[in-house]
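As structure tokens, here come the structures.
Two complexes follow with subunit A in common, the first pairing it with subunit B and the second with subunit C.
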Partner chain A sequence: MQVKIIKLLIVSIIIFIIGVFFISLDKNTSYDTKGLEGQILKNIKLEHFKENKFITEKYLKKNDFTLINFWASWCGPCRLEHPFLLKLKNEKNLKLIGVNFKDKKNSAINFLNDHGDPYHELAKDEFGKYSINFGIYGIPESILVNKNLVIIKKFIGPISENDYIYIKETIKK
Partner chain B sequence: MKKIKIVIFLIMFSLNNVNAEVIEIKPNEIFKNLRCLICQGQSVADSNSDFAQTMKLVVRDQINDGKSEKEIYEFLIEKYGEWIVYKPPLNKANFILWILPYLVFAIGGVIIFLLLKKRENY
Partner chain C sequence: MLSSIGSSLLFINILLGITIILFSLQNLNDGKNLINKKIYHICVFQNTLIIICFFTLVSAFIFSDFSLITVYQNSHSLKPIFYKITGTWGNHEGSLLLWVIILTIFSFFFLLYNKDHPKKYRIYTLIIQNILIIGFLLFLLFSSNPFSIISPTPKEGLGLNPILQDPALAIHPPLLYIGFVGSSIYFSAAIASLLTGYSGKLFALSIKNWVLISWSFQTLGILTGSIWAYYELGWGGFWFWDPVENASLLPWFAMTALIHSLIVLEKRNLFYFWTIILCLLTFILSVTGTFLVRSGILNSVHTFANDPARGLNILIFLTLMILFSVLLLFKKFKSNNYNLNSNSKETFILVNNWFMMFYLITVLLGTVYPIFTEVLNNSKISVGPPFYNSVIIPILILFLFFMSIGPQAKWIKNQFNNLKLLAIILTGGIIINFLIIYFFKSHNILSSFIIISSLFLIISSLKDTIELIENKNFNFARVISHIAFGFLILSIGLNYNFSLEKDFNLKLGETQKFKSYLIKFESLQLKDFKNYKAVIGEFKISNSQNNSELFLNPEIRIYENPSTLTYEASIRSGLLKDYYITMSNIDRSDYYNIKFQKKPFMIWIWISVIFISLGGFLRVFKNASKNY
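Up next, the complex of A and B:
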């Protein structure tokens, strides 16, 4: 009887371990922060790029939708998404906030002069500290939020044509 | 009287030190428990990446603002999910992971007990 119990326990443990591996190895383990969609952004405070003021929740609540885009002049992929951001600037119920990330002021200004300025408001994040509050871990990253500051979508990496279409359709709803 | 004053002073001084040790948060301990999201198997403490440097600045700022270790972890989990910490808090999803070692330990004990009992019977 005891031998049977021991055998049963050993077999159960082996089955359990195989089961765990079977389920876990089938899962996608690459990390992203897309799981944070649906969360409400809190304590928004971004230092304005030119003026001595902060961009806060007040500004975001005024707009139907806001796209917060983290970028830098030294970031290659940021150039890829720039044309889409310029197109999005013309959308009526969308405002764009650019957050210049760990960049030199002159380089950022030159970048915008050369490629166009898609932003309604421009903020700076000299040491990257503000980015942590938005769950950013690399740039470019963009966050689409609505009036209630709910994160509708996080775009990790440059905004693609599909992302552009998605944003256009979402803000029209 | 002077001696009493000195003794009181020393007691107060030592108490202050004890209290300071209790509330002091060691940033490095927090860094060790934070995963560097853009590195391969490195903690924030081990990494010199841009992300890790920023994370260190933010954690230090939060400590200076008087936040507790728990509050700092809660803030970072809210922003990056539980993946950011090496030791996630106990919840429904990871309950089995927390309880498993104790369960295996208990089952092992039962097996050893049964084996010993069986040997005694022989």
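Up next, the complex of A and C:
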């Protein structure tokens, strides 16, 4: 009897461990986006692209909504989302911050001259250091934040027509 | 072209594995005592093909055939030929192919070198091992095929991560794999032993050398990884308690326990089931480690394959392996009552096993704990060095004491020789410890205990050596490993306690004073190398204590493919201490961040580990010369 209990115990421990491993396999794939939404951004510090200053929480708190967009001139898909960003620029409740990611300064300026500048503020992240805090692992990615610095949505990949509509509807509320 | 050769070779190997199993099953019932020659021939064929398959991949790397995804992602045409070759196993797919090769080669040699053992036992081992081989081949072929093609063929590859372009790291994976994949053979043998009832002393004899070989290689594999971390990762540490390092350490603990319990099984025919459990555990831990690292559920420096789909396949394989071995063990398990004398050698070896299990469980817990908290509690935590240091170090002191006393005990008998001598040795250790404190002018209680206990181990093992020589017994394997282990702990202890470190910013031409050292930033130059550019600094370190001077040249390397910055430490190794300096640039400033370290007895850590594994190799040679 005692032996049986021990055997049962060992088998259940093993199954438990394997079960946890199994669940964590699944968790990891969806971790980055789902984990971020609903969380509050803290300790924001973004280096300004041109001026010698930092963009911080204060700026975000002034706006009803802020869209932080991570982009680079070398990034192909960034061109796809660019028209939507330009359209969003004219929305009343929304400000756009661009974070120029691992890019050369001149190429970035040329890119904005050629395609138009959708950003109210432009920051730079030459070495991809600051973007880590936003959970960025590839660009383009964008984060929609409200006044209270809560992340409403994270967009991985270029902003699509549907995303554009989603953003428009969200900021109207 | 290479792709189809490679893939078909993998496929043929699966068929060969199946053929071997079928032939073996047939051969079991033919009533003869010899294994059919055909089986040997197929095994030779199997080995030849898998090696050809491996060289197909190597040549794809050498000739930069970027039509293979693996080559495209991990190589570059301008890379030095040496790193093109070593790039073969510097990635997930290639390293798994290496894994299968070791499974196959070990399978064949085990069959070949165990002719004295019964046919049934050997055949069963062969069958189980081939099931493992087929399992891994299927995994290789369907979810990590190194011969997958990419279309259109890229003109240039992405290059191997520069920090992996390193001689120590080139030999690190093969060494480590011989270690923990090698443990598969005694996993198979243990299952075969349970199935056929071939147990006791003879079973111990059949796997002894294999355990020693894999253990010695595992030790060297861990060492090369550690050396690499020391000079490449740039902060002067050599062990980080990183999940991957832990993954290599877990099977090592199990193997070390196994080596010792095998001695008891061989000499006294005790602990049979315990030994079997250790055999099974070692390989299971190896696969678990692979799962943890390759599935990406743990973050670590070995991030080459974060693919949950792969993870799932390994997990299924692992589950089958564990459940099968546990159920089989339950079915065959008979409880035995051991009558051990409390001061006999058997008891002390059992004590060694307890300690090993303690370390194993500690490290395992520390490694998987973050996964559990995340799944059960949704909180992210990380377990770092403070946990391991505070749990392991105090217990290590006890362990070293037992390790010193244990070998003095006799088989069966409940008696000790030379208790007085041991007391004298212990006193000697304490005196030396006070001398060390006196010379280094710093101390703390824990490190004193570590130093005393490791000295105790070293001196008492030296005493054993003298006795061995007096008795004309030249089997030094055990004493070499034990003395080296004592030296390892001693050097780590001294290193840990008496290292000096200083961080500062310097401009060209400036000087920094630190204790008795003056560090001057003398010059800076840019040099072009084949696959990178380097900014090389020259620093003059002068010591006012003994008026010595030395120059160190740390580098910042700029690699093009893939474009990466790496910081190369400049190290002057000496018998007593290492000087270690790294430099890194600070954005938009003329200043460089400098990290200067003085690390005593560093080289002795490496030397000790080499000697630990040497002990294992010596024992293998000794056994081999005895048997043949």
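One rule holds for everything that comes next: the second predicted complex is superposed on the first by the 140 of 173 C-alpha atoms of A that agree within 3 Å, B and C clash if a C-alpha of one lies under 4 Å from a C-alpha of the other, contacts with A are read in each partner's own complex, and residues count from 1 in each chain.
The working rule: a residue touches a chain if its C-beta (ideal position, glycine included) is under 8 Å from a C-beta of that chain, and two chains touch if they have at least 3 such contacts.
Computed from a predicted structure; not experimentally measured.
S.K.: A:N133 in the overlay: touching subunit B, subunit C, both, or neither? Say first, second, both or neither.
M.R.: A:N133 sits against subunit B, while subunit C stays out of touch.
S.K.: If you stack the two complexes on chain A, which partner ends up touching A:Q2: first (subunit B), second (subunit C), both, or neither?
M.R.: The answer is first: A:Q2 touches subunit B but not subunit C.
S.K.: Counting only touches as set out at the top, which of subunit B and subunit C does A:L36 meet: first, second, both, neither?
M.R.: After superposing on A, A:L36 lies in contact with subunit B but is clear of subunit C.
S.K.: Need the overlap of the two footprints on subunit A, from subunit B and from subunit C, as residue ranges.
M.R.: Touching subunit B and subunit C on subunit A: residues 3.
S.K.: Hey, which residues of subunit A end up touching subunit C in the complex?
M.R.: 3, 7, 10-11, 14, 17-18, 20-29, 126
S.K.: Under the touch definition given earlier, write down the residues of subunit C that touch subunit A in their complex.
M.R.: Interface residues on the subunit C side: 291, 295-297, 306, 308, 311-312, 315, 318-319, 322-323, 326, 330, 335, 368, 371-372, 374-376, 587.
S.K.: Which positions of subunit B touch subunit A when the two form their complex?
M.R.: So the residues of subunit B in touch with subunit A come to 37-38, 50-51, 53-55, 57-58, 61, 76, 78-81, 83, 104, 107, 110-111, 114-115, 117-118.
S.K.: Which stretch or stretches of subunit A touch subunit B in the complex?
M.R.: Touch list, subunit A to subunit B: 2-3, 5-6, 9, 13, 31, 33, 35-36, 39, 102, 127-129, 131-135, 137-138.
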